[in-house]
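Structure below; questions to follow.
Letters A, B, C and D mark the chains in the order given here, with residues in each chain numbered from 1 onward.
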Amino acid sequence: MKIEKTEKRITVVTDGDFDLKVCPELKALLAVDLKHDRSIHVCFDLRKTSFIDSSGLGLILWVYKETAPYGGKVSVVNVTASAEKLFDVAGLSRLLNIRRKGRERLG
Amino acid sequence: MDKQENYVKLEFYAKDQNVAIARLATAAFAGEIGFSLSDIEEIKVAVSEGVSNAIIHGYGGDESRLVEVTLTVEKNLFKLEIKDDGVGIADIKKAMEPTYSSVAERMGLGFVFMESFMDTLNVHSSLNCGTVLLMTRRCPHL
Amino acid sequence: MDKQENYVKLEFYAKDQNVAIARLATAAFAGEIGFSLSDIEEIKVAVSEGVSNAIIHGYGGDESRLVEVTLTVEKNLFKLEIKDDGVGIADIKKAMEPTYSSVAERMGLGFVFMESFMDTLNVHSSLNCGTVLLMTRRCPHL
Amino acid sequence: MKIEKTEKRITVVTDGDFDLKVCPELKALLAVDLKHDRSIHVCFDLRKTSFIDSSGLGLILWVYKETAPYGGKVSVVNVTASAEKLFDVAGLSRLLNIRRKGRERLG
């Protein structure tokens, strides 16, 4: 997992499994950043993520809820077809900016 | 015994790192049956949701308790059973409603995903006796 | 419970496709403990040899019988147990000799590999009661 | 798994696991070929093999025993460091022509 921060954006590159196991730690890390600035753009880059389930989606939705009222933005890029289906079933495709191939890259 | 017929049972501590182990074993089991890669991705979500629920809701974080995942295939039907001896579910119908969750930070989509990605889902549960999920999915015609 | 402490048990039909499932689950379990990729390759060989022996020798191809693989980690020690209720081994010492095999086409190197790739190997067996292999390997210091 | 035959050589490219599961079928296939000509060169290309154990090694040794007395040859190419250790422990490195990076390629 890799988190990159600029003044306007936090990019989270999760690798491997984005499931129950990684969520508490990632949430704690992000909570610290969001305390400073809730109007930030948080981009989840799933290029290295081999698996995501409702625990991962829940974390992304949590970031959305923390930032949206303050003018923040959440995007999810490099989403596989399988993961896209989860976002669709969850009804998150309407709330979040989800892209199969992201122009927004880390580094 | 029929060449395809198979049975694998896993029993493990209710620890979050074991969700991945259950998922991998289930994916390998489903792969042997001949499910496609995209079918397997869906089956992985189903087992992951069920096992996560047993850990979080069933046992509420008590890692010393045991979760059981039973995989069987027989007569072209893949069966996935997930069992805990935890707190159980008082109102199964309510628990299965989309977006209902007893935990504030969760999405309440576990059952929705299990239902979406498997052909059938049956939930048996009683308070303080635990929960058994039985899911099935037709095997691909090979 | 200690963060690293863990327990996963698998029980499965004595079918050759289940060797890969046991191997994958064991590799994932060992990976969680922090074993390196090359350590994991060795551990995969050990579990593969033990499970293959249970299937071939223990049950002689009767696929309806059950093999048990138990993975535990406790106090920095990884334990791998493989159990069958098959024919058992009459002369354990002889069975463990390098290149000894009761089956003409096999190499008789299963025990050699298990001993080479794990720190300890103990074999318990009695005729017609089955065989239990207990292997251990020290965990890496993290 | 892919088997390629020329008049002088059989190249076997095993993929995934080279274990108990694949050995009986592969042995049956090779037995047919070896019946025709035991003085042939059999090359096992492990480039796509992610795992091998004593069942796989046993099959390779069987081919050696079937061909060596008739002037045949067995080579194993594209062997990983982990797999090489098995051939060493088994004492097969002396009998067979084993190479980490094979010049002998399929096709």
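Note that a residue touches a chain if its C-beta (ideal position, glycine included) is under 8 Å from a C-beta of that chain, and two chains touch if they have at least 3 such contacts.
Remember, it's a predicted structure, so these values are computed and weren't measured experimentally.
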Whole-Å gap between the CA centroids of chain A and chain D: 47
Between chain B and chain A, distance of the C-alpha-averaged centres to the nearest whole Å: 25
CA centroid of chain B to CA centroid of chain D, Å: 41
Residue list for chain C, restricted to those that touch at least two other chains: 17, 20
Residue numbers of chain A (touch at least two other chains): none
Touch-based graph of the chains, sorted into line, ring, star, complete or other: line
Chains touching one another, given as label pairs in label order: A-B, B-C, C-D
Chain B contact footprint on chain A (complex, rising order): 17, 19-21, 51, 53-55, 57-58, 61-62, 81-82, 85-86, 89-90
Chain B-facing residues of chain C, complex: 1, 5-13, 15, 17-18, 20-21, 24-25, 28-29, 32, 63-64
Complex interface listing, chain B residues touching chain A: 16-17, 19-20, 23, 38, 41-42, 44-45, 48-49, 52, 55-56, 105-107, 109-110, 112-113, 116
